[in-house]
Structure formats: C-alpha cells, structure tokens
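Pasting the structures in now, so scroll down.
Okay, so chain A shows up in both of these, paired with chain B first and chain C after.
Now for the complex of A and B:
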C-alpha cells in the first residue's frame, strides 16, 4: 500500500534520513522505532508532504506521491496525528474534529463524528470546550479522532504515547488496535518500543537515518540488540 | 407583535436557511439582530446634529473601522501579522486618483466614480496576492518585517513614479461619487458612504469568519503545519486572507481619496498601519464591536480632545478647580513642596488639546493594562465559554 524507496530527506544542511526503504501493506500495523533524532518523525513528515523528499520515491496505492502538496496527499487517504498532538487549542473540540474532515464533502461526516465520539467517549462530553483546556490524554484522543475524521486509508501516528501516564498509554494502544479492526492501515512511530512492538505486525528499527533492523513485532521484541538498546534490558 | 404576524409567512424560508446552515458548518449566526439595524439607522440619523468638524471625526472613525475590519481578517482570523497594511489603502486611493484625476499625466479614463471603486477593490485584492506570494513561507516576526517593508515600498514608489502619481505634489480634482445627478460633496454624505462601506465589510468578513474559509483561517492561525496536515491548502487560504484584507483597505482608500481630494505619498505613512493594527488590538482581536470601539478611541479621542465643545464642557468644572487648588495650597503649606495651582477651567480645554497625545497614550496603556485581551474579546470565544457555563450550571442544579 505504501512504499518508500531509498528515501532521503532533511532540514536545511541536515540530512535526517539517509536512504530508507520500507513498505506497509493494507490492514497492517507497522511500527518505526528508534531513539531521539533517528529520523522517525522526518519520515512521517516526508510521507505527508510537509517536507520534500530530496531523493528516492514514495508510492501510495501504486501512485507516486513525493511531488504532491500535503493537501493532495490527504485527499488520497493519508492522514496524520502529528507529534505533540498539534491540536488547535483555541478552537472547540467539535471544531477540531470537523477540521479533520475539511476535505470531505459527503453526507456521512455526521455519522463519522458519532463513530469517533463512540471510540473516545471522553471527547463527547467535551465537544463545546476549547481544545486547549483538555488534559494531555484527551488531547491525544482528539488528535487521533481528528485524523480519523478524514476517513484515512493510512493513518500516520507520531508518538501517541508521548507524555502520557502508563494507563493512558494502554488505552491509546488498544484504540490503535480498534482502529485497525475498523479497516485502517497504521504506520506508528514510537519511542516506547515495548508497547509498539506488542501492537505491531511488523517493525523497523531506525538508527541515525538508516534502517538497521526489520522483522515482525515478535521477532524484534526478542532480538538481543533491540532488547539492549530500546527495551532497557541488559 | 409584528414578528408574530410575519413569522408564518417566513417559516419555509427560515427552515430552508436553517437546513442550509446545518449543512455547512453547524453553528452559523442567525439573521441580523434588530439592534444592529437600529444602530445602523441611528448612525445615519445623527448626521444633521453635528457640524462639519464633528462629522470629519466621525468619517475618520468610520474609515478606520473599515480598515480595521479588513486587517482583522489578516491578523485576527488568519494570524498573519501585517505591518504594511497602509500599502493597500494607498493602492485603493491611488487607483481612484490615477484613473480619475485630470492631473494624472497618463490616464484620463473619465470613468464613473463607482466603477473606479470596483477597480480599486480589484487592484487591492491583486496587491494582496502579490504581497502574499513572496511571504508565504514566512511566519511571525519575519512576516511582520517584510510586510513593513512592503508598506514603505508602495509609499516610496508613489513618491518617485511621478509620471503616474505626480510625486509629492499629489493628485487632486478627483471624481466625486454621485447618486443620480447629485454628486456627493459634503462631509455628511461621505460619512454615510463610509458607514455603508464599513457595514459591507463587516457583513462580508463576519460571514467569511463563520464559513469553511474562516475555519481554515483559524486553523492556520493556531498551527500552520497541522492545518496543512489536515488537508487544508494553506497557500490558497493564506492568499485569500491577504486578498480579502487588502480589498477592504482598498475600498477604504477609494472613499478616502475623493473625501480629502488630494492623494499624495505623505498620507500613507507607517503611522496609518500602526494605528489600524493598534485599534484592532485595543478593541480585541477577532471582534467586530472591538474594531469599532478601537476606532472610536484611537481615531476619535485625539480629535475629540481638541474640539471647542470639549473645552466648553470642561469649563463647567470650575468648582472642581477651587476644590483641587485648596488641596494643593494645603499641601504646599504643610509640606515643603511648592506645587503650582491649576489654571482657570476656561483654559483646560486648550491645555488638554496641547497635551492630547500624552492623554491618548495614557488611555492606551490603561486599556491594555486593565483589559489585556482588548475591550471586547472575540465573540466566538465568548459563545464557547458561555455554553460551558450553562452546562456547569445544569450540573450544579
């Protein structure tokens, strides 16, 4: 469904990702783990078109998307939950959600809103509240709900567990599973490697801009080097 | 009563409007409040009660309110800090002047004034887009500096392109706006004209704010990257914000030009940009009432402080003078201070006019200290918070 080939991207003089290949098949949860500055977020930003790929190719559903504008990419069915949630703090929760459906003109936006608030009941109670007044976990739910409002085929999740309590992290990850069951494909970027490997079908380890390891979630979770570097075991 | 009689007749229309509203983005404002219409009628009706000096002040307040409403789109809604707003005001004024004035060496189109207004608004929008294109990647402070430069470029260009603009001698004998055979020449009619323009701009911008476009602007203001990630074509909406704001300013310029009947570069200084921005901030960003209140304070107050009526009014407070002077004398007697006493009340107006900018500055500082979000916060925000309060009331009960 999504294919990156020898993708190179970066900011100004810095090359953050140095030629990575990865693919995501329909219905999968694929995770990209790695430490700070490994290039995880850059990869997502390149896929969604917010930064330009310097070289290499990005293909989505058989179509090259590396020269498209971000709004055209969203229209093709890729939507993202940005790092740090990126909610519109001074707009209400329901306005945030409707902005997720900005490109849609069909009649089912209302029923999708109901679906999202069913997935995140906490949001339903707070629809008219300014989004900036939500707690961190609720903001993460809002960011995910907003991305779902676009009815994405592929959902890009950038560090959904960041800054959340362990219980909330559990909730978020079980929601990730539910979202997949409802038919979306997910590319998940995480620093919380143990949770990410548990939920993922396949995983890639990114180190200083190159992919150093890949395999199924279970394989990597038992891999010695991964256990040492990312799971905090000796 | 009348409403009850008419309601059935309008019911289907209202139902269709409500459905259309629900279809778009949910909560759009209802039809105009009767108080708004009442206010509009009142504004026009006060005209015969004031002399030309006062009407001139009212005209300027209306003009700056128009500009402020336009800038509000750019700064308040889309969050793009524009310090060169005067450029578009100048574009509007110069469009009318170059096409309409016989002094302009190149073009003698002899177009009807109203056509010139339409052309000016179009040129304004075009100038907005032309400024918008190069500054698209810029944000915050950087955007402010570049727009600041743009404002100066237009003024200096007007000064130096004397083939077209007659340089610092300016353009005059502009075409007058006319209705039928009667051409508008007096301050009162210009005031009515500028009030109509302000209402037009208010109507268009407030409808835009509550539409899909307004929602996109607010998303860009809150976080441009994320807005892009949501599938908004940020380029398009940013250019739209610049174009909308600029055409409002150009409309203001097109009305201002025949009013002073002299279009020259010295009218389009940085101070105009700063005044417009300041009145938007003083009034409360994103709020319409705020812009009008801001225009009244920023443009009205300095004028008002030097009117003879103000001096006459202050002269009535002679009794206050003796009270204060007694206090001052008392203080001087008890302490070693040597304070001077107040001048006679007749001179207060004169003194006030002399020091009006100090008083004015003090007023601005006071407003910002007492109400940091401006006189009126944004209306949309207050709607959201009001709903919250309703809910917490329910919970409490």
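Now for the complex of A and C:
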C-alpha cells in the first residue's frame, strides 16, 4: 500500500533521514520506533508532503506521491495526526472535526461524526467548546477523531501517547486497534516502544536516520538490543 | 473641559457622531482586509489602500458609463448596485494579482521582503493611476444620490449616510457569515492558526489565502464606491490616508481579529471626528479638518505604546 524507497529528507542543512526503505501493507499496523531525533517525524512529514523528499521514492497504492502537495496527498487517502496534535485551538471541537472531512462531499459525513463521537464520548459533550480548552488527552482524541473524519485508507500517527497519563495511553492504544478493525491501515511513530510493539504487526527501528532493525512486533519486543535501547531494560 | 461641551447644542454632537460612524464604516470595511490578510500571512498588505482606490475607479467608470449626472429614478439605484459589483470584481482581481506577483514568490523570505514589495506595489498603483492615466487630475463621482434625510430629535441623518452605514453593516454581516459558517471560512481560520496543520486537513493553503485576499478586496472595493458617493473627489493617491487609517483601526481592534477590525474602524472614525471637536471646545482653539489625521495617528502611537495587541488580543498559537 505504502512504499518508501531509499528516501532521503531533511530541513535546511540537516539530513534527518538518510535513505530508508519501508513498506506498509493494507490492514496492517506498522510502527516506527526510535529515540528523539532519529528521523521518525521527518519520515511522516515527507509522506504527507510537508517536506520534500531530497531523493528516493514514496509510492502509495502504486502511484508516486513524492511530488504532490499535502492537500493532494490527503485526497488520495493519507491522513496524519501530527506531533503535538495540530488541533486548531480557536476553532470549536465540532469545527475541528468537520475540517477533518474538508475534502469530502458525500452524505455520510454526519454518520461518521456520530461514529467518532461514539468512539470518543468525551468529545461529544464538548462539541461547541473551543478546542484549545480541552485537556491534553481530549486534544489527542480530537486529533485522532478528526483524522478519521477524512475516512483515510492510511492513518499516520505521530507520537499519540506523548505527554499523556498511563491510563490515557491505554485508551489511545486501544483506540488504535479499534480504528484498524474498522478498516484503516496505520503507520505509528512512537517513543513509547513497549506499547507500540504490543499493538503493531510489524516494526522498524530508526536510528540516526537509517533503519537498523525490522521484524514483527513480537520479534522486536524480545530482541536484546531493542530491549536495552528502547524498553529500558539492562 | 467637560463643561464647555454643553455650550454647543446636542444637534451638533449628534451630527458629529453620525459623521464619525460614517467614516468609521469606511475604515471598518477596509480594516477587514488588513486584518484577514494579516491573520493568514502575518503580512501587512500595504497595497490594500490601492485596492480600495481601484474599486472607487471601477465604480466611477460604471456610473459615468451609465449616464453620470443624467441618471434619474430607478436607474440611479441600478447604476449604484452595478458600480458596487464592478468595484468588488475589479478590487478582487487587483488583489489576487498583487498576491500572486508580489507576495507569493516571497512567502518564505524574511518578513521584511514582502512588506517592502507591498509598499512598492502601493506606490506603483497610485502613481500609475494619477500620472499614467489621469495626468494628475482628480475625477468626480456624479452627484446622483437622492438628497434629504430624516430627523429624530437632535439627530439628523442623510439618506446617503443611512445607505452608507446600512450597506456597510450588511456587507460585514455577510463576511461574518462566510467566515464563521462556510467551509471556505473554516479553511481560512484554520490556515490562520497553522498553515501546515491546515494542509494536513486537505486544505489547499494557497487557495485559502487567495480567498482571503478576495474577501478583503470585496470589502475594500465596496468601501471605495461608498467613499466616492460620499466625498465625490477621487484620485490615484486617494487610498493612502484611508488605508493607513484603516490599518490603524485594525491595530486598534487587535490585528488578526475580525470583530476587532469592525470595532476599531468605528472607534477610530468616532475618535478622530469627536476628538477634533472636543479640542475645538477649548476657548481660542480652532483646529482645521486635517486635525482629524493628527488625532487618528496619535491614537495609533498610543496603542502601539500602551496596548500593542489592541482591544481584542489574538491568542498566540504555535505556528508550524
């Protein structure tokens, strides 16, 4: 479904990712783990077209997308929940959700809104509030709910657990599973490696801009080097 | 200083208040364009006064083309409606062209660069019209608007002032509806918070920016025709003073805030009109009309010193 080949990208004089190969198949949850600054967010930003690939290729559903504008990439079915959630603080919760469906013209937007508020009941009570008044956890739910309003084929999640309490982290990860059950494919970037590996079918480890390891979630969770570097074991 | 105020009649102050609200309407309409463009690009579009001027000339062309001073009856109404439409179209086209040529290529340049190109476009357009087409002469709007008005106690308002204030309010209400209730308006507000995050929603950011320029230009073009109907004399450099005043109004209201532009526009209109008259109440003081400008720009200096965020402070959001 999604294929990155020898992708190189960065900002200004910095090359944050230095030739990575990665693929995500339909229906999978794939996770990309690695420490701060390894190039995880850069990878997602390149897929969404926010930064241009310097070289290499990004293909989605057999089509090259590395020259497209971000809004065109959304139209093809790739939505991203960016790092820091990217909600619009001055807009209401319901306006944020309807922006998720910005490209859609169909009649099922209303029923999707009902589905999202069912998935995140906390949002339903706060639909008319400015999104900036939500708590961190609620903002994460809003960001995920908003991305689902686009009915993405592929959902890119950038550190959804960041800054959340352990209970909220559980909620967010169980939601990731629910979203997959409803038919979306997910590429998940995380620093919280233990949770990510638990939920993922396959995983890649990114180190200083290159992929150092790949395997199934279970394989990597038991790999010695991963356990030492990312799961906090000695 | 308060006591002498009552030496002049209530009618006088009622008249001055109406005058202040009339000029305030024009400032508010122009200020909306400054504040909306600032909202999405953090750019002071200093060529916006010329967008207003182009609207005034487009409206003038329609009025004269349809018969000018010879227009009567229902044809006057039709001509004014068409003049307003033509002004909206001409101003929008001008504004979109300016954005494409002078601002978009500088989108990622340091913030001083588009500011300088804005000033360049402003000077270019006002001189192009004044020296290129008019040979330094002014043009005069035909005086076709029905005379007369209504009086209520100390308050008397001419039909032209009523039309000016009423139609401005209608335009502002329409703009508010577009920004608050339509998909395009939501897109503009999203882009104002974060261009990157807006693009992740599938919003074509360039398109949203163009729509912002178009909406602001429609308001300015409309204001241009109202200005012509009210003051008659128009020329290429006519946009400068109202432009800078409307910018002051936008800063007074809180640049980036739409309600702020409206409140700032009326506030500045009232402040400069009543301000001069209040000063004139001091025995021995008789300030000419130009002192309105002194009052208005004193307001700008005072806001910049004491409350640079304006009346409606925009909450800072992280810009990505």
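Some observations on this one:
Definition applied: the second predicted complex is superposed on the first by the 234 of 234 C-alpha atoms of A that agree within 3 Å, B and C clash if a C-alpha of one lies under 4 Å from a C-alpha of the other, contacts with A are read in each partner's own complex, and residues count from 1 in each chain.
Here is the rule we go by: a contact is a pair of C-beta atoms (placed from the backbone, for glycine too) under 8 Å apart; a residue touches a chain by one contact, two chains touch by 3 or more.
Note that this is a predicted model, so its numbers are computed, not measured.
Once chain A is used to superpose the two complexes, chain B occupies space that clashes with chain C. With both structures placed on the common chain, the touch criterion links A:150 to chain B and to chain C.
By the touch criterion defined above, A:99 lies against chain B and chain C together after alignment on the C-alpha atoms of chain A. Look at A:35: by the touch rule set out above, it reaches neither chain B nor chain C.
By the touch criterion defined above, A:128 lies against chain B but remains apart from chain C after alignment on the C-alpha atoms of chain A.
When the shared chain is aligned, chain B and chain C each come close enough to touch A:79.
With the shared chain A as the reference for superposition, chain C clashes with chain B in the stretch 150-158, and the other listed options (6-14, 150-158, 330-338 or 384-392) are free of clashes. Once both structures are placed on chain A, chain A residues 48, 50, 69-71, 74-75, 79-80, 82, 86-91, 95, 98-100, 102-103, 146, 150 are touched by chain B and, in the other complex, by chain C. On the chain A side of its complex with chain C, the touching residues are 48-50, 69-71, 74-75, 79-80, 82, 84, 86-91, 95, 98-100, 102-103, 132, 146, 150. Here chain C touches chain A in the complex through residues 183, 186-187, 189-190, 193-194, 196-205, 315, 317-318, 320, going by the rule given at the top. Residues 48, 50, 69-71, 74-75, 79-80, 82, 86-92, 94-95, 98-100, 102-103, 128-130, 146, 150 of chain A are the ones touching chain B in the complex.
Considering their complex, residues 25-26, 212, 215-216, 218-219, 222-223, 225-235, 381, 384-385, 387-388, 391 of chain B touch chain A.
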